[in-house]
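Shown below is the structure under consideration.
Labels A, B, C, D, E and F are assigned to the chains in the order they are written; within every chain, residues are numbered from 1.
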Amino acid sequence: MKKIEAIIRKSKFSDVKKELHSVGVNFFSYWDVTGLGNEKEGHVYRGVSYSTSDIQRRYLSIVVNDDFEEATISAIMKAGATGAVGDGKIFVSTVDEVYRIRTGEKGGQTLK
Amino acid sequence: MKKIEAIIRKSKFSDVKKELHSVGVNFFSYWDVTGLGNEKEGHVYRGVSYSTSDIQRRYLSIVVNDDFEEATISAIMKAGATGAVGDGKIFVSTVDEVYRIRTGEKGGQTLK
Amino acid sequence: MKKIEAIIRKSKFSDVKKELHSVGVNFFSYWDVTGLGNEKEGHVYRGVSYSTSDIQRRYLSIVVNDDFEEATISAIMKAGATGAVGDGKIFVSTVDEVYRIRTGEKGGQTLK
Amino acid sequence: MICTALVFFMHLGFALLEIGLTRQKNTINILFKNIFIICTGLLLYCLVGFNLMYPGFADGASGFFGFAGFGIEAPMGTDGTLDLSYNEGYTYWTDFLFQGMFAATAATIVSGAVAERMKIGPFMIFTIIYVGVIYPIAGSWKWGGGFLQTLETPFYDFAGSTLVHSVGGWAALVAVILLGARIGKFKDGKPQAIPGHNIPLATAGVLILWLGWFGFNGGSVLSADPGVTSLTLVTTCLAAASGGVVAALFSSVCYKNLDLTMFLNGILGGLVAITAGADQMRPFDAILIGSIAGIIIVFGVALVDKLKLDDPVGAIAVHLVCGIWGTLAVGLFGALAGFDQLISQLIGVASYAVMCISSTFIIILVLKKTVGIRVSEKEEMEGLDAHEHGMDAYSDFRLSED
Amino acid sequence: MICTALVFFMHLGFALLEIGLTRQKNTINILFKNIFIICTGLLLYCLVGFNLMYPGFADGASGFFGFAGFGIEAPMGTDGTLDLSYNEGYTYWTDFLFQGMFAATAATIVSGAVAERMKIGPFMIFTIIYVGVIYPIAGSWKWGGGFLQTLETPFYDFAGSTLVHSVGGWAALVAVILLGARIGKFKDGKPQAIPGHNIPLATAGVLILWLGWFGFNGGSVLSADPGVTSLTLVTTCLAAASGGVVAALFSSVCYKNLDLTMFLNGILGGLVAITAGADQMRPFDAILIGSIAGIIIVFGVALVDKLKLDDPVGAIAVHLVCGIWGTLAVGLFGALAGFDQLISQLIGVASYAVMCISSTFIIILVLKKTVGIRVSEKEEMEGLDAHEHGMDAYSDFRLSED
Amino acid sequence: MICTALVFFMHLGFALLEIGLTRQKNTINILFKNIFIICTGLLLYCLVGFNLMYPGFADGASGFFGFAGFGIEAPMGTDGTLDLSYNEGYTYWTDFLFQGMFAATAATIVSGAVAERMKIGPFMIFTIIYVGVIYPIAGSWKWGGGFLQTLETPFYDFAGSTLVHSVGGWAALVAVILLGARIGKFKDGKPQAIPGHNIPLATAGVLILWLGWFGFNGGSVLSADPGVTSLTLVTTCLAAASGGVVAALFSSVCYKNLDLTMFLNGILGGLVAITAGADQMRPFDAILIGSIAGIIIVFGVALVDKLKLDDPVGAIAVHLVCGIWGTLAVGLFGALAGFDQLISQLIGVASYAVMCISSTFIIILVLKKTVGIRVSEKEEMEGLDAHEHGMDAYSDFRLSED
């Protein structure tokens, strides 16, 4: 099983969610993080203008069976891209085991 | 060393915490996430009723030595389960190395 | 590629950030978590004094190429340490693949 | 004087209510608009409005268009005089301030309805024209001694169910239609919920508005006779209370939950409805008017949704529908009840409808065709605060909105 | 009139204070309860309470039970009359509204104490009975010219330390006992802290309450004599200030931290305490009464904890204990001080204790045995907002409460 | 009386504005300070200040230092008397309370400027001395009939542009200089933005302050003549409105964004500026004074930054700079305009500058050398709430500040 972590623009979240649903990925968790990267945002506060690369982003954590990996990644890339700097990253890593708390089952079938 | 990530109901958090303490797991970090899964919550707002599967959950990240893995998982499963859809998942993955910032030590003893 | 997750004191964050920049790590994401560990904080609320080990901390997630691993870790340890209990931990794990959403590229060059 | 202060305070109530019922990412924008309205409202009313609204009509005009010439020259008088005893007890200046606050209220109503998607520049232009020109002209028809006042059975609107609330409500309706719904409000033709981000502030806003209504209605007893004033306050409070309770009960029957926002809208509906006849009703009438307003609110909000109109704060149901109801209620209940009166009320409502709809339509359409009235999709998704103001409302908090 | 507005505004203060000192997950529930109380309080008081409270007692009744017959028929008079000059300066209607606001206050006090765990339905029933029947009957004993007024040395309670605050406080005490503590409040017999979620709003609430007290005490000078009124305001403010400062200092000595919530409770304690004799005290007496109230608060909050009672907002310490202290203080300080007066005050306090404890006990017990008064454990853990209202108070914010 | 209530309410406005414009981690600390100021301000003013400020100067003193002996003995008189009819219409007690609220305002201004880094203990000591001794002495120069009042062309300050706001502003300036900037405010010599954490509360604060100013200026018409009072309110509102609009426009021209906090500061600047001559101006003058204040604010805030002073809430620009501007404006516009008056105004401004700068400098320097005035770096980074109070302001929310 793979854990796919994607850091995306908050404003692209609902598109990504829709796209994920359409490829059959209905289970995941997300939260908001602050990201530092190439993108900069300009702000002015009380006459002091400043630019910050600390931008709020959404962090998606999706654990999928190996055969879903590709579809998930391409769904995120398709729906999450704007072409402008700051679209975010996807990280893929390996998960050793998965348990469903409700039933105590483990393994790939818990992800369906 | 293993990283055990558990996504649980917020209302079960204090039970899980107590259970973890009782099996000797005193160190972990947690935060709140929004989870999409099988469970749905009904809401009504200004006459519009809607149901959402975006439900707030708590995310626990626990790094343990391999010999604690089992105890930790069963503690979470025991205390976190209600039997209803939406109890959450546990993901286990491998951690390569651990450092304690305070002392610079690394390896398993930092987890005690 | 490695994923370096560091849990640090919130008050040390700006120091750590500066130090990371100085070793060339400009991309990462962070969020706030609650940590349970050895450190305890005393509080009094309406005459009830209580001490809690649930302390707010900052969680940094940094994915780097292998050759940056060392520099990143030592930067965090250098800037994040106060010597008092509660300085936090660093966890290192392996990332299988990285994608840049904007361009669709993958691999190590997306981290630069 | 005190009443003026209370009416001023209503603007805080409106501001809190509006931000409470909308999303966090547009908070600064809404606050900015509201503050802007108060400030420019006052200034404009000082420069042109007051004289446009109380033109005198002494010169045998039709009481309809005869005010046109006054607007420009009279202000000089306003500024040039320091006559402190305009009339007894109730001074010229107090009156000016009181009316200036009212004028701003009409624009605030629109602000709530168009929240979260209208460009701030065009909204500012709209505000300036509406508060500076349309509202005073409309106001003069009745309070300035215009044609509605000189009907055989004069149109009666004690403190502005129609003159303030409907005038704002019609404009809100037209603006909402021309503007379109927020992204995500209607999915496959079905209305979606977009919950407000800070209900405690919204609740505080409603209670502050209620407090302000003590001034709104209480202060409209121009004679300041304590007997009438206190009766007015009693009817005001009873209508608010019954509006709220009925809306809450009724919506909990319909939707099986205790919806605080309906309770809040119900209170406002009751307040708006009683405003037209607050001094003419007995307590029991007030309870009845309020209760009916409570039911209207629940239907009204649902109706607005069904018509695919997107009114984040419920301004149309509250101010327009209950404003009309309250105005008509003067012909049905209380001391003035009677068929003639009802007809007069209908004439009044219709005149204002024509006036407000057409003027708003023209202003907004012109703005739409020229500068555009709606923010870009990107701006709407990411929030107006980030784009128009470059600021966050709650910069230390971690957020989770969609 | 203005005072009525200020007393009305106190309800916003109560609402903000209560939500500020409780957890985020029950915010909507508390707001709903508070708004409900205001609205039904007013309506009920209009329909029954006012006549129950001011029955006249002219018919040679004992001034104790003689009011029974009045309740039902008199309201017709209230509604039937449009007599605008009931008495000079201070009209019938103003008085009604003013008293209606007071009635609601008593229920609000209970609301804070039972927050976060009581079912909303039974609470609404309790409110209706308590505000509609118990409070007016209790009130009539003194303000309606009942037996406490006709004591040789009449019981003295200027603006309701006992009639409003203790009446609420006793009910809060009984309700808290019957209801039990929140889950997690006592662990292994030791009280735990459950911090409030929004201290800024709680602080705003207290300052609004203080403002409201200008109306509460100021307005209770029925004669509206400016001299007495302003003295009353001075004593009120000084008692509040000294109560707050003393409570803050005292609690910082005891617990070694500067606890803002104690400061806030101290201010309220001082306000409650001075209420009974605000017009009888010299400034120095007021400072003394306030200071003692400040100390009482710190002890009172600790005592309530020690008795394993769970009172999230400190209502018992503030309203009950300080209410009693303030009532007795009339016999100890100020113009009325004297042994006879002290006895009268004791009789008054005791009468209300008996009345309120027994009536609340019966009402709540009946509710407990029939419909149940406490939410399920699951609902309590997940928050009343999600279960009873299906809404979040702060839907755009990410939360972290336990 | 009502005005006193409104001025009291201003303290809520200040508190909300200050917490809104600072970071979440110091919220409790700021609230504590503000509440403390109100309470001790009132108590101190009762015990010493009032008699120090209105000493009579009947004994042929120089009107400058002659008050020294009064402070200690006179309070006995204050407390000893229950003379309820000090003078007609406007009672002794009302006046006391009103002035006590003013006194506290001066300290509140300082509180905002030193927020987020000053130790609470020393600040409390400073407050006690400043409110209890310095402010009343300074006040007596003018309002107590001191030497500024007896100038040939008496110095004119209607409601305290100089006596209240500049007195606070000078102290804020000195305190900020002695205290140094917050960590992170200046990086490599360039000012950084430290955004406020709750702009809605800040906005509410400003509107509450504006409301309070109705009382501040309205109540300062001691004669309570409705004509003058209402003119005063008109000028007050127009200055506020124009100050806000001009500041917003001007800053949006300079910085290309619609900065709500500048709008808010502009409103306050307009209010402060008109305070000195609110009863002497015609509406048009008021608009002019307000507009200039709006421009001053934008420059002032930038200037304070350029001087490497760190004033989180803009207190120096608003209260000091606009206070001076308003005072001088009395000599330039309105009924009193004239060269002699301008000189008198300059003398007044200069006298207060000398007095306030020197006294604050001494007090703060002594505190700095003895107990220290600044919290440790660790405390500042982690927030004063955690260290001085052991409490969180928003314990259920997840936070993200740096």
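Everything below uses one rule, namely that a residue touches a chain if its C-beta (ideal position, glycine included) is under 8 Å from a C-beta of that chain, and two chains touch if they have at least 3 such contacts.
Small disclaimer: the values here were computed from a predicted structure and weren't measured.
Least step count on the touch graph, subunit D to subunit E: 1.
For the interfaces B-E and E-F, the C-beta contact count is higher for E-F. Subunit A and subunit F have centres, each the mean of its CA atoms, that are 50 Å apart. If each chain is reduced to the centroid of its CA atoms, subunit B and subunit C end up 19 Å from each other.
Remark: subunit B and subunit F have CA centroids separated by 51 Å (rounded to whole angstrom). Residues of subunit D in contact with two or more other chains: 2, 195, 198, 257, 259, 261, 390-391, 394, 397-400, 402.
Among the residues of subunit C, those in touch with two or more other chains are 31-32, 34, 43-45, 93-94. By the definition given earlier, chain contacts exist for A-B, A-C, A-D, A-F, B-C, B-D, B-E, C-E, C-F, D-E, D-F, E-F.
Across the complex, subunit A meets subunit F through its residues 34, 43-50, 54. Of all the residues in subunit D, the ones that touch subunit F in their complex are 1-2, 4-5, 8-9, 11-12, 15-16, 19, 27-28, 31-32, 35-36, 38-43, 46, 78-79, 82, 84-85, 89, 91-94, 96-97, 100, 120, 198, 201, 388-398.
Residue ranges on subunit E touching subunit B, taken from their complex, read 184, 378, 381-382, 386, 390-391, 398-400, 402.
Taken in their complex, subunit A has these residues touching subunit D: 10-11, 13-14, 31-32, 41-45, 56. On subunit F, the positions that touch subunit D within their shared complex are 2, 6, 23-25, 195-200, 203-204, 206-208, 210-211, 214-215, 218, 226-231, 233-234, 237-238, 240-242, 244-245, 248, 257-261, 263-264, 267, 282-284, 287, 394, 397-401.
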